[in-house]
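There are two complexes below, and they share chain A, which is joined by chain B in the first and by chain C in the second.
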Partner chain A sequence: MKALTFSLLAEPEERLDLSGLTPASLARLTEAQIARLRVGTSRNPALVGDIFKLTGKDAESLVFDGSSSRLDRIGAGLNGGAIRVTGDVGSQAGRKMSGGSLFVEGNVGHHAGSGMAGGRLEIKGNSGDNLGGPLSGEITGMEGGILIVRGKAGDYAGDRLRRGTVAILKGCGDYAGYRMIAGTIMVTGRVGAMPGYLMKRGSLLFDRPPEKLSPTFVACGEPDIAFPGLFDRFLINEKILDKPLLGQKPGRYGGDNAVSGKGEILFRRGRQMS
Partner chain B sequence: MQQLTRNGVLIDDTFAEAFGMRATAIIITAPTLKWARQAATTMTGYATSVIGCGCEAAIDMDVPETKTPDGRPGCRVMIFAMGTDELQKQLKSRLGQCVLTSPGSACFAGLEGSAPLDLGNSLRYFGDGWQISKKFGGRHYWREPVMDGEFLCEATTGLTKNAVGGGNLLFLAADNSKALHAAERAVAAIGKVPGAIMPFPGGIVRSGSKVGGKYKGMMASTNDAFAPTLRGVVNSALTPDVNAVLEIVIDGETSDAVAAAMRAGLKAVIDLGPKKGALRVSAGNYGGKLGKFHYHLKDLLP
Partner chain C sequence: MSVAWVGSQPVSLMDAIQNAAKLLASSRCPVFTLDTDVHGTRSAIALAERLGGAYDHGLGETLANEVSLFTNHGGMFTTPGEARRRSSLIVLVGEIPASHHEMLESWAASRPDLGDRNKRLWFHASGSGTVSADTSKLVRKLKAVSLGGDGLSLEGALAVLRAELHGRHVASPLVNVAQFRQALNKSQFPVFVFSGTSGEAAGLVMLQGLIADLNKNGRASSVFLPADDDAWGTALTSLWMTGFPPRTGFSNSLPSYDPVRWDVQRMIREKEADLHVWMSTRGDETPPARGRIALISLSKNETPTAGAAVTISVGKAGVDHDGVTYSSRVGTFRAVAASAPSQLPSISSIVQQLAEALPGRRALPC
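Entry: the complex of A and B
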């Protein structure tokens, strides 16, 4: 059966909330019922049928064909099945998802993977700020699953990360791992200023030494430990990387000692800052 | 007793009697195979028989670095006990005293079992608050700071209730060196069988036992029927040409693993022949009433 496909007819005139369009919520709806679902956020909200042309039947696997930064909350609450987007999306993609897979072929806005607890969110392009982070007033950010950005990520990536893995492949902005509680963030490429600022526990794994580090991080030598080999194998098995990230005897900083200081930054040594 | 002959070696028409056991497996890695094996050897010391050691344990096989979780050389260790609680107790203390302490070691689950047994979960407090929990790829690991870096240990391993302990082969030979030669050949062959271990020294036991004894409190005593020096004075199982008997005891992850191991051992000894090795091969049992698993030698012949 062909994947249920939402083809974007034109650039929407308002921001859309697409959190209602997941495999679980569409499973028992007919095409006509789906077309009447409300996705607009203005006073006269748009319906699915106004925005998209529907084709295909298989609601286990959804495709959004189109590209607009007004497509907010796509795949929010996803708990199974698969969603693929062929272009860019707006903010909060994969917000609070707990299972299944969301694959965005373009760029995503702010708060992608915000508070996600499971599943796999993969972004082929770049992401905005607060990747995986909490919304205002929330205590924790991402709590599980895998979040991959194949391009660049903005500032505050992995804010208040508690569990799970964030992988960023072409560098990120400032304050990566800001207020991290635990979990793992790996970055290849250039990392902005102050990574791990106020992190309590957790790991930041870089392919090069960090450039601007808070003075509350302290150098912890170059330990020869087994963990990088184990994690490298995980990254390769998940097809996140095709070669080891850290190599043997990575450098290590401990911090942030402004808080509990049980976090770490592990980085591949020997590569010059670029 | 009826006997068959293969390549001049007499095979008794008897069977090995074995018991259901609980078992687990772990993979120990280290910077070199030497140190992985050292941790494994230390951990499986004093683990020959549940009668006195609480568990039976040995290295199952070496695991090349391409197959270990952390890409370092390692080996798979199996541990067998009669009950889950005893198995957990033995696993925890041996891991803490022998693997945690070994230079460069790391430890991973070696079995996907029906229930979890604590591995790193029981050792994490050694980290004194500096232990690091890592969950990824559906697995949970603990990292504990130690003096040469970190002890990396998976949180749990698996338990199997389908394990079998007590498969055995008895090699009856003209003298000690021939009995040992036969037994060493069998050990080498069985060592290649996955999921089967031989917990006795070098895989071989010379003091086979019978149940009970004349002294009060003895759970087991010498197997006089197979002791050559008693051939004339007890109801012996030995013929006049036999002057030495050695036994191999096999524990397996499954009944099939025990059968495969016995088959491999039998073949090795039969190929060796009676001039250099065993004149006769037998197996130990308790009349068939105690153990659930019976392995008839005639069914396992090459």
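Entry: the complex of A and C
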């Protein structure tokens, strides 16, 4: 059966909230019922049928064919099945997802994967600020799952990360791992200022020495531990990287000593900064 | 003198209201930029709610940065009066807006009359080379002892200070930490004075963590001095009306706060909004010339606003009419009497008339 496909007819006039279009919520609906779902957020909100042309039947596998930064909250609350987007999307993609997979072929806006607890969110392009982080007024960030950005991430990636893995492959902005509680963030490429600021525990893994570190991180030598090897294997098995990230004896900083000082930054030694 | 225009043509106030109401009634996504007193803000928010619009303050970016400390983290705060009367140790943090310098100088001329009553000591935590000439002058006047380090940003300096007070290792120490520790031991109520423009939000979160640490063994607090009193008054008014600060929208009739999604200037720039209602009693202010969408201007100007479909000239609270505004000096709202009463209408009265001219003709609740 062909995947249920939402083909974008034109750039929407208003921002759209697509959180209602997940495999679980569409499972028992007919095409006519889906077309009548409200997705607009303005005074005269648009319906699915105004914005998309629907084809296919398999609601376990959704495809959004099109690209617009006004497509917000795509895959929010996803708990099973698969969603693929062929272009860019707006903010809060994959927010609070707990299972299944969301694959975005373009760029995403801010708060992608915000508060996700499980599943796999993969972004082929770049992501905005606050990747995986909580919204205003919330106190927990990402709590599980795998979040992969194959491009560059903005500032505050992994804010308040509690559990799970964030992988960023072309560098990120300032304050990566800000207020991290636990979990793992790996970054290849250039990392902005103050990674790990206010982190309590958890691991930041870089493919090069960090450039602008908070002075509350202190060098801890080259620990001979099994973790780098194990994690490299995980990254390769998950097809996130095709070669080891940290190598045999990575360098290590401990911090943030302004908080509990139980977090760590592990980095590959010897690589030149670009 | 005319107070209302349609385009650049002077019209009666009633004609201008009717024209503006037509634009509001037909708008798909109206957005409101506010910069007015409490009554004007309340009326404007009630109108935005009725129309399913979104609102922001004229200094939206600065206000959003200030608000983020409260929405994303929280903190311990006291009033300026309490700090003046009880604190013998004041720590200025980063840049302090010039509008508050006079108040801080008046604190320096007094001694605390409650609590430890010792002579007041001043410190200044800052990043290297990041404060303005005005703040540097204030620091010299107050004889504040520097807490900083070579090449350290304010965020770095606050992190080091917090770690050093815990006795933990740091890669780059601060100057005068021993002197600060000594002052801290003597003081019964150290107070940190900061502004939303003092540094990045992350640094202010670190500062609040430091204050929380100090409260494990004693008392300490902070005084927040807003970059702009009127803007902060709008934030508080918005909070009591909707539960959220500005950058709130009424999608599906319920208020929702999102500092990116409801950033009115962004919405205009990216053509998500189709009508902009600009309300400013600051005087001679003009809306940013970005985006080409219909504009209704309620502003304290004597001429029509360039590019506006409708302009109505309004008065300012405390000048043209009585009103209520926020004062950071007292840490709350205060009544202000008109200093030069005029016939210019208040924003609140114009917004009420706009609501009554809309289809349904219902008055606003405030």
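As a working rule, the second predicted complex is superposed on the first by the 274 of 274 C-alpha atoms of A that agree within 3 Å, B and C clash if a C-alpha of one lies under 4 Å from a C-alpha of the other, contacts with A are read in each partner's own complex, and residues count from 1 in each chain.
The rule we apply is simple: contacts are C-beta pairs under 8 Å (C-beta built on N, C-alpha and C of every residue); 3 or more make two chains touch, one makes a residue touch a chain.
Keep in mind the model is a prediction, meaning the values are calculated, not measured.
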item: Chain C versus chain B on the shared chain A, clash or fit after superposition; value: fit
item: Which of chain B and chain C A:73 touches, first, second, both or neither; value: neither
item: Chain B versus chain C as contact partner of A:231, first or second or both or neither; value: first
item: More chain A residues in contact - chain B or chain C; value: C
item: First, second, both or neither for A:258, with chain B first and chain C second; value: second
item: Chain B versus chain C as contact partner of A:184, first or second or both or neither; value: first
item: Chain B versus chain C as contact partner of A:84, first or second or both or neither; value: neither
item: Chain B versus chain C - smallest C-alpha distance in the overlay, whole Å; value: 15
item: Common ground on chain A, meaning residues reached by chain C in one complex and by chain B in the other; value: none
item: Partner chain B, residues of chain A touching it in the complex; value: 144, 146, 163-165, 182, 184, 201, 203, 223-227, 229-234, 237-238, 262, 264
item: Chain C - residues contacting chain A, complex; value: 27-30, 51-53, 68, 71-72, 149, 152, 155-156, 158-160, 162-163, 166, 168-172, 202, 205-206, 209-210, 249, 251-252, 257-261, 272
item: In the complex with chain C, residue positions of chain A that touch it; value: 13-15, 17, 41-45, 70, 72, 91, 109-110, 134-137, 175, 178-179, 194, 197-198, 213-219, 256-259, 261
item: Touching residues on chain B, where the partner in the complex is chain A; value: 29, 31, 69-72, 104, 106, 129-130, 132-137, 141, 143, 148-150, 152
